[in-house]
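Each of the next two complexes has subunit A plus one other chain: subunit B in the first, subunit C in the second.
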Partner chain A sequence: MGMEWYVVRRVAWAVVATYLAVSLTFGLLMVTPNAGADVAAAQAAASGQDYDAVRERYLERRGLDRPVEEQYIDYITNILTFDWGYSFSQGEPVLAAIGDAWVYSAQYFVPAIIISALLGYGIGLYSALNRYTPTDYLGSFVAYFGISIPNFWFAIVLILLFGVVLRLLPTFYDSSVALLSVQNVKQLLMPVVVLSTASVAGQMRYSRAQAIEYARSAFVKTARAKGASEWRVLTRHILRVALVPLSTILIADVLAVLFAGSFIIETIFQIPGLGRLALEAIQQKDTPLVLATTLIPVFIAIIGNLLQDLAYVALDPRIDYGDR
Partner chain B sequence: MAGDEPAPDVGTARTAGTGFERIDWTAVDDADSTVPPAAVAAEALVFFSLVAAFVYDYVILANEAPTVGVVGWDVTGVEWLLVVVLAIGVFHAALPLARNRRLTAYYWRQFQKNRAAVVSLGFLGFVFLVGLVGPLIWTAPNEAIDYAAAYQPPVFAGGSWAYALGTDAQGRPLWHLIVYGMRVSLEVGLISMVFAISIGTVVGTAAAYFGGYVDEVLMRYVDLQQTFPVFILLLLLIYLYGASLLLIIALYGLFSWEGTARLVRSEALQRGEEAYVRAAEAAGAGRWWTIRRHLIPNVSSTVITAATLSIPVFILGEASLSFLGFGDPDVFSWGRTISAGRSDLPNAPWISTIPGLFLFLTVLAFNFVGDALRDAIDPR
Partner chain C sequence: MQSTHGDSMSRRHTTTDQAEPLLRITDLRTQFDTDDGVVRAVDGVSFEVNAGETVCLVGESGSGKTVTAESITRLVECPPGEITGRIEFRGENLTTASAARLREIRGAEIAHVFQNPQDALNPVISVGKQVAETVRIHEDVSERAARKRAIDLLDRAEVPDPATTADAYPHELSGGMKQRVLVAAALAGDPDLLVADEPTTALDVTIQAQILDLLADLQREMGMAVLFITHDLGVVARVADRVVVLYAGKVMESAPVDSLFADPGHPYTRALLACLPGRGRESGSIPGDLPSPTDPPTGCRFAPRCPFAVEACTTDSHPSLYPVAQEPDTDRDGAGTTAGDSPDVSTPLSAAPLDGAASRDLETTGDGVNTAHVAACIFHGPDRDAAHLDREVSWTVAEPDGGGR
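Right after this comes the complex of A and B.
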């Protein structure tokens, strides 16, 4: 089997995975009572209207009283045509609400990914080549610390220290501050540090383990014997092969850490980003918005996994496509 | 076999053969087997009585009546599961370790090389014991509400010994909240771990051993599950069904075994190529026999390490959910206490920080122990 066939199969699998994820959310919605309808009906009942009648009208207006297969086709079509419904809690279409929110998430998300990848791989590779030195032990300590510390508690301790006691940094995010200003950098400092600490640790541990494995391999010894400098050995020989497994953890694990982290960080620092939007949607029982904020991370994860597998093709010429 | 190892008791199986020694292999297997029939019978008895007690509690006893009247302990659904998990632990971890003294001593010597891990193990033993019996000694936080004693600082910050770790906004002693939080963490960590590891091991070995379509279907499913972020799925399901500790535990158990399945599969694929598996197959061993007797025991070091390292992930996950307000409103998770203390951060910082410190240390200890276990039992 050739490379093209492998790429085609991976893309096809991404399409299937997307379809299954969308169907799963539909199935879950079908087997549970409609939370939005209950809220509307309860409000109506409180103002003296008939509970069941309001509930039924609510369902009827949204076409939820039709046969399941009809609703299913409608649902899939709407998702695929980006007609994701109207969010009553935000008072605007779901996609517009997401369009407003993602800027705030990206402000701390992107720096955190870049910092954690550079620091994590950098320290990991360095400790692998300098094993059992004080720097290596310090690196291991940082890794254990980062993996074990609950990020919400870390954030609270940082706020207590730098916000309450030292009064150096603002304790919460102010969305009226200009995007490119010192104030904005200052208020994003703690969120970025908290978010990157967790993912730095994972990448550091993994890249150290990977590099140690390759540092003893024959091709690295050969390169050294031919007089290649340490830097060249690291970048051209070790990193070249280690990047393949390392890209795996960057996508799969880091995305998971960041998604869960964004909910917590946006809650603590009061950042009006995607995580906060999702939590508000859940608290207000705003089903279209809940769905959107569930599906977007899933789509990102699917695309990330696809890109990662395609990156394999470019990074590692040894992969046997027939095996996959 | 190395010289100092005790030879399996094959004396009875040996018959006076002519020329070659003749060995009855089933007898050797029975003698070699680490599980004596008495232990199997005892385990069956324990599980039978557990099921009987559970049925008694749910069918005969009224909903509000305590299960164990003497201490007034009303066993809940999650606590039943914890008891089952502890029983599994006794029969499948503690008993085999106690029976194989020599092996246990060897592992212990290896483990002891890591000083931090030994200290961590001590701390985890403390958390385990307090989490298990603490709720029977100290009163439930809600019965200890005392508004007159609100915001008492801990003893190292000028408080009194009556409230050594201070009190929260409702005057509940922080120590009580921490003890009940230990129980919650214990339940989440252990029960989810047993769920996830069992499913992962079964799926991983099955995929590796059967190969072909079974492998393809199982691993594609694993791919899919890995793609779907568990935390998001949990939030969605809690949104739809409402939060309960049992649901959170079950979801973590049912949706986070893919890593274990992958690990076990790749390990089992390597083991499946080895001579002893080939020999067993050549001797006519069936598939399940090969899996049960040869594959699973040989991937157990991977499984034990994965199990230990998965516990802190579950504990942290539950605490994060509770922190966000999606935890079970009836249990005192550490995450919930930390979240409640946030509004009092400037005037009463101990409410958030002390339970957080316990959470941090517990997770850290599990990570230390897990890594030391890997070094001790996994020679590679």
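Right after this comes the complex of A and C.
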């Protein structure tokens, strides 16, 4: 009984959080001078027209001169009906622009997340079970290497080495290459490596710390005393318990990588993905696109949080639903 | 596969018939490499456990009793830990056994119950599955069959409504109930030796008594031997056949339980007994601290806290195990108050009073190995007067004037 109620409350909270985020963004839009209007007016003024008149006409045409409540209802309706406006910088509807860019981002961040999760948790758990051995130290070294070197620097070094000196890989991303081709895999290789290196370290250190904590725990000793193999201890006992917090960091990681790491990587490798799209939107003062690239991460974060809470329900019988 | 029911039963009978003990530990040393130096947690411990009997390992925390218990099937973490010596289980040396062999033995032949039932169960797995796990590790059975066995075992461990409880998670059960679950999981492999490490310490008194009764019942039913680790002499009096007293990683005294309580041969044992409620001292601890684990004192490790200590205690090498004179079942010469009265026994012992020689001493005591009352105190050695051990020492006032440093 407690569990269903808990799930209902979490979902309700997700809806409320989404609504608050959307409204807050609306508030920010209202107090920000309209960049599009300013640009249009400035252009008009340059060609001899009246600045204010053009500006007003611009706002009027978009219904921005109406009372705030009306605009607000419109804005919410549009978001709910997925009518997110037209991006002038991309020359297409906002959602279409995001849909196009998303494919390019996904191509490198999905493999990078999978690789870094497998590698990070793999090395971390292995290190935890083989503490103080050379392999453990090597793992730690790799982790610190990954954490210490800046993404952009590592990317440039890779480009110089494999693209310029060895000429093995293309130095930048060419979006005309077919999705399922060797060439595409080759040009994605470096972005994937750079991105994985950055997050492998964090996941490795985290999973190592987690696993060490559980490897020392009494219930693991009980399992060993029953005659369980190391593998069984790891998969049935340590992982089963560690999965709960690990799922948290994984979701957080996905989000962080998706909307922060990708700015740098997409710029360096010239990948026309979401990061680049967001950057261009800001640079060109493309308000509808900025709005979308701001709201989508918020939505994903809220949904991610919800999924994570639901994952807890599935993974951890200890949750006291009354407290939450 | 390894030990089906009938198989181990028959083996148990043969071991009882033989003179060979079920478990013989000889000169066990377990040390840990730490940043502060090498900690010799167990430093030359020898004792035996016969089939079906209950041996208590007694000592304060830090005496090395848990490490001793966990060294048997190498449950101590080894890299930092290192185990040497011989641990013979039915004649097989476990210190050199492969990890795979030890896994076969753990759970199926030697089982463990640990101190804190709150932490000893995996919080996210149902208790029935955790009991069934022991079965599934050692036998090739279906999940359903294992579950049936688990419910059966929970029933034997007197868990009420076992079929429902099997689906409960640990946090839904009380501490005593969790310990019953852990006992069920330990017995699932039908072991010949159960190592119970302070199994009742974390429980409140009435539950403690219930768990002790349960263990005693199951031991009788299943005919297993129990190595019972505790600091509580009240528990010792209740469960033990024989007692091994540990202090700072060494055996101080080893005796049948009646003999130990009636006539403790080692000052440390006396101190422990004096701490029992209603035995003189009110406060529950011996004055002074345990010696440094990285740099123990030379000579007798108890010397800094011992009211009987003389100079020889700190200059000699650590005393070997000597027979305690008034042996109820030896009854050499009624009044026998000094070890000198039985030179035929103590003379060969004095030839090798070195650390680690304790094992040989045990063997030279001959057929008395399993029943003899021995203590590692200078006053039981040759040419020493043990009589003064009988003098009354009040432990509360003993320390200031008696502590010979």
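We take it that the second predicted complex is superposed on the first by the 319 of 324 C-alpha atoms of A that agree within 3 Å, B and C clash if a C-alpha of one lies under 4 Å from a C-alpha of the other, contacts with A are read in each partner's own complex, and residues count from 1 in each chain.
Keep this in mind: a contact is a pair of C-beta atoms (placed from the backbone, for glycine too) under 8 Å apart; a residue touches a chain by one contact, two chains touch by 3 or more.
Keep in mind that what you see is a predicted model, and the values were worked out from it rather than measured.
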Which term applies to subunit B and subunit C once both are placed on subunit A by superposition, clash or fit?
fit
Report for A:A46: first if it touches subunit B alone, second if subunit C alone, otherwise both or neither.
neither
Counting only touches as set out at the top, which of subunit B and subunit C does A:K221 meet: first, second, both, neither?
second
What is the angle, as a multiple of 10 degrees, that the CA centres of subunit B and subunit C span when seen from the CA centre of subunit A?
70
In the overlay, answer first, second, both or neither for which of subunit B and subunit C A:A314 touches.
neither
Who does A:V182 touch here: subunit B (first), subunit C (second), both, or neither?
neither
Considering only touches as defined above, state whether A:L166 meets subunit B (first), subunit C (second), both or neither.
neither
Report, in whole Å, the shortest distance between any C-alpha atom of subunit B and any C-alpha atom of subunit C after the two complexes are superposed.
10
Just which bits of subunit A does subunit B share with subunit C as contact spots?
none
For subunit A, which residues count as touching subunit B in their complex?
13, 17, 20-21, 24-25, 28-29, 32, 35, 144-145, 147-153, 156-157, 159-160, 164, 252, 255-256, 259-260, 263-264, 267-268, 278-279, 282-283, 285, 290, 294, 297-298, 301-302, 305
Quick one: which bits of subunit A touch subunit C in the complex? Just the residue numbers, please.
131-133, 216-219, 221-229, 232, 236-237, 240-241, 244, 315-318
Provide the residue numbers of subunit B that touch subunit A in the complex, in ascending order.
220, 223-224, 226-233, 235-241, 312, 316-317, 319-320, 323-326, 335, 338-339, 342, 345-346, 349, 352-353, 356-357, 359-360, 363-364, 367-368
Subunit C residues touching subunit A in their complex are 73, 75, 77, 79-80, 103-108, 111-112, 114, 116, 119-125, 130, 133-134, 137-138, 169, 171, 182, 185-186, 188-189
